[in-house]
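Several structures are given next for inspection.
You will see subunit A twice below: alongside subunit B first, and alongside subunit C after that.
Then we have the complex of A and B:
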């Protein structure tokens, strides 16, 4: 019984309880709303998972998500065609990711510090030089891309399809490609991976480029879903939520373990909780308390069922 | 004789000149004028917003900066960037720097209350703008939140009378903020008079459009016959609007905000049915007047307890006209 199963169990128990006691919880419409509400979080979670499995972390992912999408809208507001604005916005996100990777791989700055600095830099620089306003609205001219956040395909909201698509791609990358296997090797034992010939430095750059790409996609989904981008989200606690769905699902911060499935399980638990509490009309502050309690319970059960000892502990375990 | 004539002539000319002189100099000096300018010369006005870069704070700051330039005052902004900690530090630092007036935009009713008291004890006039704290300082200038909450709720109820489901949802921001608690009180005032109205959801979305979207989408799933939504901030309520649009239902959405161009555009497009706006530039001018008032009063800091509720404006399809809203982008360019 690992943490993934524990969290899945809690999710199933909550799901059954809500289905029994909450009217309309299991309606197709509500279930779609439920998954849709957490799909951006899940997409960012997949990006973060690929890094954490390789024993990295990207604290800049939310800043990149907010500022690159914000700049895209700002450029479009200035009359630049939306396709070009998206390309520029994406290049901005990508360069932030690549710089992160280079700092970590070649300059050998610890990932925690490099990405923490990058998060402030991306936010500060973009606010100073690129996006003067704190909330950027989507211009009329950009309505051609509104489907990204608002559309339906086969009766399913497009953001959910993106979540499924990114999850599948992430799964395929981690399991069926050589770089994907390197990620596990690096997370498990970095020195051994390096000595056995894995191109660890380019791999690190690739990982951060992937997470920046995923961040940009998630940013455009959010921006088109609410026809605006609130760049202050870069300063919010969202980055903790992203790490949370990854860790909650059972991906250890020490790397080398877990997969996309864990992210999906963690994301669904959060989604079920949020949706159920909204239906029950529980107050905002109390929602926070309940949410953190459920998370603590999951972690406590995990350490009771899987106690840490010398055999299970890994070097670099946090 | 000749001399006398000459003298008379000279005198006449002089007197004519004199009269002419008098009529040219008919302007009368205002004895208070010099004092007026002297009162402000070299004074310092400090501003601690919740953050810069939002329509509200940028709007106020532009008016205050213009006033400071005009009157030879120094206007300083300490931007804590949404961090209550950084804001508290900024105020602490300002207390020792002793500006003459400190304008504070509180993130919630508690965080700065003690500091504001200390600032006044140190002789700094403290003006709180739009979001008040528990401590009543020299002055509060800003929206009448209770009035806005009442107007918003009434506007939704007007659209959800007999013949509809009479079910409404309330979408708060952050319940601990001064604006939120006021608007909620206003909503309660109106709801207590309308027992027929059912509040099916009362949720906070943390001023975040994405959260607002998810919450309202869930509420609509749960109550497909929802009639109206009372939203507490237009920027956040764009998310509620997206959820309503997706549901394909006709659900009334009334919001409040700073009356920026975005609000007028969205009322015109039918995204919002109505916005109760607190025009930001008017608030800026009220602030500027209050700065002059406390500096001229000669009273020590903390002696007066002024309140100015800035008037609110209803933005609906009927009241829309060019110039009703203001543009944050144009202020930014200046």
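Then we have the complex of A and C:
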């Protein structure tokens, strides 16, 4: 019994309970809404998972997500062609990711703090110099990309397809490519991976570049879905939601374990929970409390089922 | 000539050696935060009008007071190896709790503060139980607590915000907590000072603080050492919650308002501050002072940026960039520091020795090489490892100091039986026998010890007075070398160098700076004083036959000097024998008013030349591995006999260096000379034809005089 199975079990139990007691929960429309509601979280979760498996973490992912998409919209508002605006926005996201990677790989700053500082810097810099407004609206000229967040393909909302696409890509990357296997090697035993010749430093930079790319994609999905970007989301607890989606699914923060499947499972639990509570018309803040409690219970059960041993606990194992 | 003079002055008076010593100081960790603090302060003072005005300082310092409490809590958690991300929400919860208790429940201020701290401690306790006892991951668990508590705060806000805003309760005490000051200091700062002082004492002086540090340093070792790891971890979170609750109460009394953004991002600022001050992530290293430093820097920075009016996001941008910069510098610094220190610690000085005398076998020089030691009788071959010093008691038993930290004894008369007389540890070097027939030993790395007839070992002294201008703490002895005992019982001993341990003696040789000293230990008063500093590897010590002076050898100076104990020249030094052909080691009394000195090796022209070229030696020390360094020649040594006036009488050599390479000591006893060497595996014995056959060391020192 591992955490992934526990979470899956809780998700199934909740799903069954909601199906039995909530009207319209199992309708196709609702299920699509359910997945669509958490697809952004899931996409970000895949990026975070690739980092956490490699024993890194990216606390800047939400800041990059919000500010790069926000700047893209702002540039488009200023009359720059949408394609160019998207390119500039993406380059902004990518450079933040690459700087993260360089700081962590070459300067050897702990990932937690490099990305913590980067999150603060990206938000602060973008608000100060790039995006003067809290909420940036999508310009008319950009309606050509509205399908990213709003469109349907084969009757399925495009964000869900993106989630599926990113998950598949992530899965393929982690399992079928050499760099993907290096990610596992680095997470399992960093020193051993390094000594056996894995190019750990370029790998770290690559990982953060990937997570920044994914963050930008998720940002554009959100921006087009609601036709605006609330840059203040960078300061919200969303970053914690992303980590929780990953860790809840059973990817340990010490790295080397898990895969995209865990992210999907974690995302589904959150999705079912949020959707069910919304149907039950539970107040939003109370939903927050319940969600946190469920998460807490899940990790407590994990710790009871898989207790850590003082003798094998890692140093600085936070 | 001029170039030589400049080199000499440059390497005599420029304190190169201090660079490496300063780098080794623990406060070097804090230099970067301090410099940052100074830079930020001066920038704001220069650019913001009235930045140092009373009103602003008071307001800023109130914020620092509250923020500092949270950072101290965060630091304590981090010292224990954890992290507490829930403080932002806990702070908001404490704030609204205080407002509800005071404005709506009508509690008196004291009870409000206690209740608020209780709520904070409760959140900390939940964290602590989960992380300490259930051993969940700190990062994740406190993240969940952050969202959970934030959700609770939002619920409470929805229920009570309007009521709080419309209620109006008067209380002088509550106002004092929020806006009052003590002796000109805002109340929150007073609280911070008290808390910081107590936290410092707890962390650095009390058992529980040590336990926190131990758990943070190595959880596994702490567990194996029997420390209650789970309880200790739990406690750190409770303390963090308690302090955050306290800060929340102060904030509530100051602003009397609650909003959805209270404490938002506070956990980030607190972590930034704790790290910026120099506390390490992962635990075990850090202090309250560092926490305060970081708190002040972050507070000043954010406050100053707000006052600069740079607009939205600027303060977060600054916090981010400061965090990134500070940590980058910190990481690189801690990595480079030891590398840098090892490169610059050895700092050669200029040392010009007098020309070395003739040692050619055919010359008429008293140092002329011979082979008188070639056929010495060998005692205990292979049974003793490195007898640096040998000594004989009144019964003729031989004692020698061995590398394993033993005093080995060979029993008279045939010296076939060997026993470990005492195990003293360290590296015993020089020895002497006192009036009670106890053995007094200088032990490298340990100090001065005494082994009495009952074989009980006791420390006499390991510390002397610290010199006022020394960067490194030179009060603790590192390389006590040789000693002798005056008739009044005072022990005079030498410390070869204060900068290196015994394993690095060659670095001191290359330095040639004069790092050695003479120390006097007075058993009557149990006091230790340094009597002479700046000696070139102070080594052999011998109280003169007339008991009025003590002779000492400076190994790298190739000379023997006299330090006057009494008489008109009391406490002055004069050179007795200069320009020796080798490196003098131990000095001992001989019969008929003479003295013996061991030369551990002979000088070589290349080494003498190198000693006048400090820059060359510095390059060598930085660029070449230490095993490839130039080394003083210690392959062939000799024993020299001289008289009180410094006239050399004879010398005994083993030019092939077979029986006795590296001679470091010798003792005369009943017409024989016993020879020891620091790297030898034997003791040598040779008959001295013109010696007094009845003379012994103990008798010379302690026999009743007619």
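We adopt the following convention: the second predicted complex is superposed on the first by the 310 of 318 C-alpha atoms of A that agree within 3 Å, B and C clash if a C-alpha of one lies under 4 Å from a C-alpha of the other, contacts with A are read in each partner's own complex, and residues count from 1 in each chain.
Simple rule for what comes next: a contact is a pair of C-beta atoms (placed from the backbone, for glycine too) under 8 Å apart; a residue touches a chain by one contact, two chains touch by 3 or more.
Keep in mind the model is a prediction, meaning the values are calculated, not measured.
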For the overlay on subunit A, clash or fit between subunit B and subunit C? clash
First (subunit B), second (subunit C), both or neither: which does A:235 touch? both
Have a look at where A:120 lands relative to subunit B and subunit C in the superposition and call it first, second, both or neither. second
Looking at the overlay, what does A:37 touch: subunit B (first), subunit C (second), both, or neither? first
Identify the partner contact of A:226: answer first if only subunit B is touched, second if only subunit C is, both if each is, neither if none is. first
Examine A:281 and indicate which partner it touches, taking first as subunit B and second as subunit C; both and neither are also allowed. first
Touch check for A:132: first (subunit B), second (subunit C), both, or neither? both
Figure out whether A:55 sits in contact with subunit B (first) or subunit C (second), or with both, or with neither. neither
Residues of subunit A touched, compared between subunit B and subunit C (which is higher): C
Clash-bearing segment of subunit B relative to subunit C, given 59-67, 113-121, 221-229 or 311-319: 113-121
Looking at subunit A, which of its residues have contacts with both subunit B and subunit C? 127, 132, 235, 285
Of all residues in subunit A, those that touch subunit B in their complex: 23-24, 27, 29-30, 33-34, 36-37, 40, 127, 132-135, 137, 149-150, 222, 225-228, 230, 232-233, 235-236, 274-275, 278-279, 281, 283-285
Seen from subunit B, its contact residues with subunit A in the complex are 51, 53-55, 81-83, 172, 174-175, 200-204, 206, 208-210, 212-215, 217-219, 221-222, 235, 238-239, 241-242, 245-246, 262, 328-329, 332
Residues of subunit A touching subunit C in the complex: 103, 107-110, 112-114, 116-129, 132, 235, 237, 240-241, 243-244, 247, 253, 285-286, 288-289, 291-293, 295-296, 299-300, 303-304, 307-308, 310-311, 313, 315-318
Which residues of subunit C touch subunit A in the complex? 81-83, 130, 134-141, 143-148, 150-152, 154-155, 158, 218-220, 223, 229, 264-265, 268, 271-272, 275, 281-283, 310-324, 327-328, 331-332, 335
